[in-house]
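Chain IDs A, B, C and D follow the sequence of writing; residue 1 opens each chain.
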Amino acid sequence: MKGIKNNNWRTKLHDIIYEADTPIGKLFDIILLALILLSVIFVMIETIRGLPGWAYDLLYYGEWVITIFFTFEYIARIVTVKKPSKYIFSFYGIIDFLSTIPLYISFILAGSNVLLAVRALRLLRVFRILKITRYIGESNKLTKALKDSRPKIFVFLFAVLIISIIAGTLMYLIEGEESGFKSIPVSVYWCIVTLTTVGFGDIAPVTPLGQLLAAIIMIMGYGIIAVPTGIVSAEYTKAGKPLQKDDPEYVHVNSQVCYHCGAAKHRDDAEFCHKCGNSLFEQEDETSG
Amino acid sequence: MKGIKNNNWRTKLHDIIYEADTPIGKLFDIILLALILLSVIFVMIETIRGLPGWAYDLLYYGEWVITIFFTFEYIARIVTVKKPSKYIFSFYGIIDFLSTIPLYISFILAGSNVLLAVRALRLLRVFRILKITRYIGESNKLTKALKDSRPKIFVFLFAVLIISIIAGTLMYLIEGEESGFKSIPVSVYWCIVTLTTVGFGDIAPVTPLGQLLAAIIMIMGYGIIAVPTGIVSAEYTKAGKPLQKDDPEYVHVNSQVCYHCGAAKHRDDAEFCHKCGNSLFEQEDETSG
Amino acid sequence: MKGIKNNNWRTKLHDIIYEADTPIGKLFDIILLALILLSVIFVMIETIRGLPGWAYDLLYYGEWVITIFFTFEYIARIVTVKKPSKYIFSFYGIIDFLSTIPLYISFILAGSNVLLAVRALRLLRVFRILKITRYIGESNKLTKALKDSRPKIFVFLFAVLIISIIAGTLMYLIEGEESGFKSIPVSVYWCIVTLTTVGFGDIAPVTPLGQLLAAIIMIMGYGIIAVPTGIVSAEYTKAGKPLQKDDPEYVHVNSQVCYHCGAAKHRDDAEFCHKCGNSLFEQEDETSG
Amino acid sequence: MKGIKNNNWRTKLHDIIYEADTPIGKLFDIILLALILLSVIFVMIETIRGLPGWAYDLLYYGEWVITIFFTFEYIARIVTVKKPSKYIFSFYGIIDFLSTIPLYISFILAGSNVLLAVRALRLLRVFRILKITRYIGESNKLTKALKDSRPKIFVFLFAVLIISIIAGTLMYLIEGEESGFKSIPVSVYWCIVTLTTVGFGDIAPVTPLGQLLAAIIMIMGYGIIAVPTGIVSAEYTKAGKPLQKDDPEYVHVNSQVCYHCGAAKHRDDAEFCHKCGNSLFEQEDETSG
């Protein structure tokens, strides 16, 4: 009896934590989402220097509240799942563990504050919750377009990398170390900065020849940006075409013609003519009979 | 009699101020548009240091002329409108008030010059006038494309933000405070600067690992820019097509529900329910009768 | 007799200078194109400091040779054209004059070297020559797409400007003069630099609030870039559609039906049915007869 | 006998080196690809200052192993190919030679370390191997779209260059040498940096007029980027459509020529010439008979 009761209790908790169909399940997801976002904001603010003392205290206690909640949630997840080992070593299991543990470690080992930034990984937990919300639904078409574009974008990125390495080597030879092109990897880094039109300006060519090559790289980068855009644009247009059927306003009509009044374009699932009200199937029987 | 006369006088003024159909109404709009633009230019120039004294004098007197005109206009708008309170607390009512008041406050309270920059908000008044011009007509298609793209662009911006926070945290851990990555919020700011290919260069990675991650962020940003472009491009192409109605498969359905069987999505020109064959109009009569 | 002879001589020269149909006319255009490009390169190199003395001498004498050639060409253009006054005050007439005169002025007036840079305007002369070459042919479709996009791009630019002015004013209020946002016009300039994703970094926000606003501006700019791209992309796709008729593989077929065998979709210039071999016109005569 | 045996040995080696159909041939390609990438990474790392001594030793010995492998490969390629001279002076022959020789030269001539960077050109060898892999297959459509866009992109780049030269000259005149616009070529370089939205910030306008012009250049650059994107997007969409056959106006014509009248471009299913009405098949029989 106790086992079954326990099971019931477990099943209920499982539904609350892992599913979002019930009102309590939804509430749990919203609270979790809020706590994750709050904790990420806490982690971010914590790194700011020069805040007043009470702010650090507030962040510290807030952090403990969130960590304790996450600890209970982590234990609950292990308890209610069928195969705990499978959950623990899954992607989200590891993320959950890494989201919870840093504060305990920093409490035991002084000076391990660097670990605290690991808590920003909590943001990845957001994806688990969002998976069950409607926002992902919006991005389906986008995901499809991106998935279809992947092989082409891979070829494109490979081309960008090869151009960067060759141009980076040339820039290293032309500009040399005085201009900031300290080594070929740094030159390649600069080339990527330039090709992608980011252009920090921490390293910039000084010699006329280097500036000429830089200008060529920039114009290439300017032209190259057209390629992924064109790809995604074309794939997206393509992906959008047959999806119109999923549109709530979309109704598929067929070429069937009513034998009584001749009206066409009936809905696929129509049983009666929308114009004269006679059965669409009776007429077919008469014809065949 | 006086009341009616007053009313006539009010109606006329109302037509001049709020409508642009009459020649005087158009002239009023053009003068108002010119004064707004002029006053915004005045506000901008005023902040430049090192102008000759007479320039400041000119700006000062010009500003008074415009403010007095705006004051009269504001009073006229209150007087001629039916429900003054509704106007005063409307978006444009508040903008109008904020456009007029700063100079008076700076006259009474010395040292409140910061308030004067609020006058730049006058620019928002331009939209009210432009609403009645033909330029907005041009942008209808654009607005439609943007409105249709909104949910996808929201998903996209959310993705950009999550990438920025995670990459920003990593950059903070890798580069540290010596390289200018002073805190996670600053790192996230830097990530947005880099992802959007702006690249100020006030903060730039120095360590090899940081530069490698920066290169990955840049190439991602370069690829990501293709997404909104593809979306808008596809939506815009779609928005430009009223052709879908010419599509042989296209039939417009409405939200009317059959009173007999509850079937929805009937063709616009349907007279009988396509599900149960009963008249769609008879049912309405029965309901109303 | 002399008048006619003179006329002949003039007509020939006119054909050489203004037209490119004859071999000599083509040769003249190519020489002129080469000299213009050479002279623009000369003007550019001249401004470089630290060249050896002989290089300046070479540029100086080269410049004189080109100027004398341009002088003769200018006189020849005036002499051979029917209405010299119309040419002199035309766009290209003024450009030609400005291309020729600076060296003479700098010869007479010492210290007027600034004027010499005006010679870079010679580059505009290239367009006259290119007008008669095939390259412009290539850009017809492009020009059409751009022309059709113009009103939309105007609305777009207007929106960019208004966003820049409002965001610039806000940045001026938030950051203030210490961060480099010296005046509202400078702030607006910085906003345009940021919105267009150029990002020089000579001015960059320092305060957290300023950086937040900057991040919002950047993401807006990143999204906004999608708009003109989508417009041009859609217009270009549209512009490219009816051009398929110029495709060498394209054959226009009509809806004419053969009266003998009923075959349809004959080529527009077909005289006989491609299915049964009977004349397409005879049948028409029979029908009409 | 020995000659034939030698030939067999050669043919086998030729198949291994030049083809990828056999398992050994594939293995050879993979090893070569790995060695090329490894050697390029070695060349890049080598230029980094401040590595520990053993790292330089490792790179040095690794470099010798790779160079010796490349030497044998180079000799093998010469030996097994039919016309060695044709290979040696081909593009890839020269690349192979330049990939192998630098280490030997630096061994003989001390101080010729600059030459070592030439080894980065080994990366170009990657293309030869990739030519026989499936990745290029993915990029066929991309290549087609780019090839079709070429003339338009050429016109576009020419326009960018002319805008840069004219705007660069104006910036030189407005800003002058104090602001970093040292000469017209440097100004033109800055214009390209700005137009392509790279924006290093090593040179930036300081005067109000210069900033105004810079803002105009940026907005132009922002608008111009739409052009190549639109072109590639449209071409790519076109390249992806074999749909044109569904077009009701589309009729496939072939290159068959009528033997009676010489008319070409008959419909694929044509039996009679559309010009003279004679059978298209009879004529073929007569010719063959």
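The working rule: a contact is a pair of C-beta atoms (placed from the backbone, for glycine too) under 8 Å apart; a residue touches a chain by one contact, two chains touch by 3 or more.
This is a predicted model, so every value here is computed, not measured.
Asker: Please report the minimal path length, in steps, between subunit B and subunit D on the chain touch graph.
Answerer: 1
Asker: Over half of the contact pairs shared by residue number: find the pair among B-D, A-B or A-C that meets that against A-D.
Answerer: Looking at which residue pairs coincide with A-D, the repeat is A-B.
Asker: Decide which interface, B-C or A-C, involves more C-beta pairs in contact, and give its chain pair.
Answerer: Most C-beta pairs in contact, of the two: B-C.
Asker: Using C-alpha centres only, name the chain that sits farthest from subunit B.
Answerer: It is D.
Asker: On a C-alpha centroid basis, what's the spacing between subunit C and subunit D, in Å?
Answerer: 28
Asker: How big is the gap, in whole Å, between where the Cα atoms of subunit A centre and where those of subunit C centre?
Answerer: Spacing between the chain centres: roughly 42 Å.
Asker: Averaged over CA atoms, how far is the centre of subunit B from the centre of subunit C? Could you give it in whole Å?
Answerer: Computed from C-alpha means, the inter-chain centre distance equals 34 Å.
Asker: Could you list which residues of subunit D touch at least two other chains?
Answerer: Each of 48, 185, 188, 197-201, 208, 225, 229, 231, 233-234, 237 in subunit D touches at least two other chains.
Asker: Touching residues of subunit C toward subunit B in the complex: what are they?
Answerer: 151-152, 154-156, 158, 162, 165-166, 169, 172-173, 182-185, 188, 194, 197-201, 204, 208, 211-212, 214-215, 218-219, 221-223, 225-227, 229-231, 233-234, 237-238
Asker: Report the residues of subunit B in contact with subunit D in the complex, numbered from low to high.
Answerer: Result: residues 48, 197-201, 208, 229, 233 of subunit B touch subunit D.
Asker: Contact residues on subunit D for subunit A in the complex?
Answerer: Listed in rising order, the residues are 40, 43-49, 114, 117, 120-121, 123-124, 126, 135, 138-139, 141-142, 145-146, 153, 157, 160, 185-186, 188-189, 192-193, 195-202, 225, 228-229, 231-237, 240.
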